[in-house]
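Please find one structure pasted underneath; my questions will follow.
Labels run A, B, C and D following the written order; every chain starts at residue 1.
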Amino acid sequence: MNTLRMFYIRWGVVLAVAAGLVVLTAHHYRVHLASFAPREVASESPAGEIRVIGMVQSGTLTGDVSAGDATFTLAGQDASLPVAYQGPPPDNLREFKTLVAIGTWSASERVFQARDIGIVPNYGFVTGAYLVGLLPLALLLFTMSRRVSLLYEEMKASRLYQED
Amino acid sequence: MTPFLKTIRWILWKDLVIELRCRETIASMVFFALIVILIFSFSFSMDQQAAHDVLAGMIWVAFAFTGMIGLGKSFSAELQNDCLEALQMAPVSRGTLYLGKVAANFAFMFVVEILLFPMFVILFNVDVVEDLSLLLVVFSLATAGLAAVGTLFAALTVHIRAREVMLPILLLPMVVPVMIAAVEATKGALNGDPLSLYRPWLELLAIFDVVFTIVSFWMFDFVMDA
Amino acid sequence: MTIHRVIRHVQRYQGWVGGGAALCLTVGLYLGLLGSPPDYYQGEVVRIMYIHVPLAHTALLGYTVLAGGSAWYLWKRDPIIDNMCHAVAALSACFTALALLTGMIWGKPTWDTWWTWDARLTSFTVLLLILLGYLMVRTVVDDLDKAARYGAVLAILGFVDLPIIHFSVEWWRTLHQPQSISMRGVSIASGLLAPLVVMSVGMSLLFSYMLMIRTQLLYLNRLLDAKKGRLLHQFHMSKADS
Amino acid sequence: MSMTAISCQHLGKAYGHYQVLHDVNLTLAPGECFTLLGPNGAGKTTLLKILATLQRPSEGHYEMLGMNGQTDRDALRSHFVFLAHSTHVYDDLNARENLAFALALRGQRPTDHDIKMALDRVHIGAFAEMKTRHYSAGMKKRLALARTMLARPRILLLDEPFTALDSDGTAIMRDYIGERLSDNGTVIMATHDPEQARPVTTRAGRLRHGTLQEIALDSCVRRNDGRDMQPDDAFS
């Protein structure tokens, strides 16, 4: 079997798997972790569990935060959204804090029912780190393997080396 | 005296005699250090207090770089008439040659340090009233560390291209602990802190010296011997 | 012409190692990116850990292999071991640099700074400098045998130095900046542990696979060189006979 | 004592691409002087450097006085002197100091009288206190010879021993070689001037492109028919 052809087949498989992983991840984050701005929620009224990013408006935080029961207003760029939170006592809930509220939008009551509060995800850094970490390794490995295959070809061509 | 010590003494004697005749190495080290001091004084326009704070750091930057000059010369001087070959063929263990060269390098660096320290004190108007003997201990321990690793690396770089550049590139990362400990201990000694405050740094220097003298003593075999 | 025994073994087993690496990394990436929960404090950013920590571990592992291989070379003087050491050094330098870079990217959202002279970062930087020095020596020395010896000596000295460097930097840090920025240990819940372990194993396997490839590369280069030298010699001899 | 002073088996040396020595075999008994001839770049100096433990052969092994050249180096080194092309003298030491230092490294402690005798024998006694920086090339060579005399080695490795020497110096060098030989010493001498080496040579060989061929001694004289001898065609 041609060494070089084997090499390209191997790397084709690797690329396919990598592409699959990328697509899967992108899909996952789009479906499960996509977040809305308060304006979008008010205008589009998406169904099901969604994530909303905004800043807790000052003076709107009422209720008992340490007991996990609070209401506040989440401000976006040009709209705000009333939120009722009920769940485990959150760490990050305070005024002027940008956060993610996870829950459902009840269009009838015009209130977002949050069941969890998370900190703002920073996908840019994560993506950057994975690309910086993996791409150079892949490129290095690719050039090295290609060179080795070429060297074996050269040796076979010059009949310096017979394969078993 | 055992043959081992005799050989070390002869190598030291040879280097010292040549140095006394030409005064090449020590003179170039001192002049270089003076220029470093000059540039320091331009780069940081300092009052007395500021000078006092960064004095230890400046001292060791100057010492490290002048030391580099001395170390580089110690083996490149052996290249005239291929004297290094004669050393390589000498029927003594490589470790003996190593210790002889370490002794010579230590002597040069230490003499230069003793000459330079008063200049630092005078030119930067620093009051030093504290016990100077402790400072000498710090200097000798740190210089021993630099000489122990530096001699090995000087022998290693002497035959390669661009040796003047390669020696600091290889040596400086290795002696990071020496530089840190030397600066901290010098600072302590200059401030007149109680010994207990910077004693751990002295211990670190001593450990470094012992470990690297032993390791380099073994490794010199592979550097010098084909 | 025969191929060295070690290279034959490498040829036989490299497929398994490479396959294992690919499998572990795929599973690890899936677990790390999709299958694990975000951290309570750091949120999604914690996922950088699954790439950063394995890279750093592997770099250290590589340096250990380099020091061991160097000692072995000085003992046996077998050029194939030297090929292996040379390959390890280049790969370790690569892994160290990537570990530093991913660490910086992780540092920005968590510590709000790209760089801090923290003990671990500083010792990794010194490690990278030592490895680069090693590689430079290998490129500037023309005589292969000399390059191998000098490199081995450097690697062993650096290996002895590494703990001392780490210790002294750590000490110096605690003296000057008492924990202004501390590396808060991420509470490793089982959900976070699984991808970390799988990725670490995968990275080590990937390192081994790359090492096998690179050792072959250096060996084959040298083999072809030697063959060319022999042809040159034969050419001279035939001229001498005629 | 074994009857072989030097024995090389299948010595080879390659510098990366280039094979400098190839399968060199040589056995010398005490009292023999082997003259190595060959054009520039034939590998003469490389062979001597390998024997002088300055380089490691890439193939094969060798023994001197029954000691392995790769494993017993430290013991071996006290039994030979390599008089190399460069003179191994420190320019900033005078002749006396140079001798004292070089011999101290060999564990020898010559008296002032010994040193004076040796310097007188190579006719530079008058310059004993002068820095060798001011010496001419020939004088440095003589100093190196004086060092060799004091060291009294059982094996002499000589690389171009006659270059830089005048006729007087050549005679001293030849005398000394003869003296070593009659004292059961062994000499290997690399030169491209067979005429000067001939009087002391007992065996001769020719290196060409790294391969050693032993040649008959007579051929040294036979080709000496008055015309200039080119090193390269000396024995072809």
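Rule of thumb we're sticking to: a residue touches a chain if its C-beta (ideal position, glycine included) is under 8 Å from a C-beta of that chain, and two chains touch if they have at least 3 such contacts.
As the structure is a prediction and not an experimental result, all values here were calculated from the model.
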{"item": "Chain pair that, of all pairs, has the most C-beta pairs in contact", "value": "A-C"}
{"item": "Chain whose Cα mean lies nearest the overall Cα mean", "value": "C"}
{"item": "Computed distance of Cα centres, chain B from chain A, in Å", "value": "54"}
{"item": "Rounded Å distance between chain C and chain D, as computed from the means of their C-alpha atoms", "value": "48"}
{"item": "For chain A paired with chain C, centre-to-centre distance based on mean C-alpha positions, whole Å", "value": "29"}
{"item": "Centre-to-centre distance between chain D and chain B (centres being mean Cα positions), rounded to whole Å", "value": "39"}
{"item": "Chain B, residues touching no fewer than two other chains", "value": "226"}
{"item": "For chain C, residues that touch 2 or more chains besides their own", "value": "142, 145"}
{"item": "Arrangement of touching chains [line / ring / star / complete / other]", "value": "other"}
{"item": "Partner chain B, residues of chain D touching it in the complex", "value": "52-56, 73-78, 82, 84, 86-93, 97, 101-102, 104-107, 131, 140"}
{"item": "Contact set on chain C toward chain D in their complex", "value": "142-145, 225-226, 228-230, 232-233, 236-237, 240"}
{"item": "Parts of chain D lying in touch with chain C, wherever the complex brings them together", "value": "14-19, 22, 56, 58, 208-211"}
{"item": "List of chain A residues in touch with chain C within their complex", "value": "14, 17, 21, 24-25, 28, 33, 91, 118-123, 125-126, 128-130, 132-134, 136-137, 140-141, 144-145, 147-148, 151-152, 154-155, 160-161"}
{"item": "Touch list for chain B against partner chain C, complex", "value": "149, 152, 156, 159-162, 166, 169-170, 173-174, 176-177, 180-181, 184, 200, 204, 207-208, 211-212, 215-216, 219, 222-223, 226"}
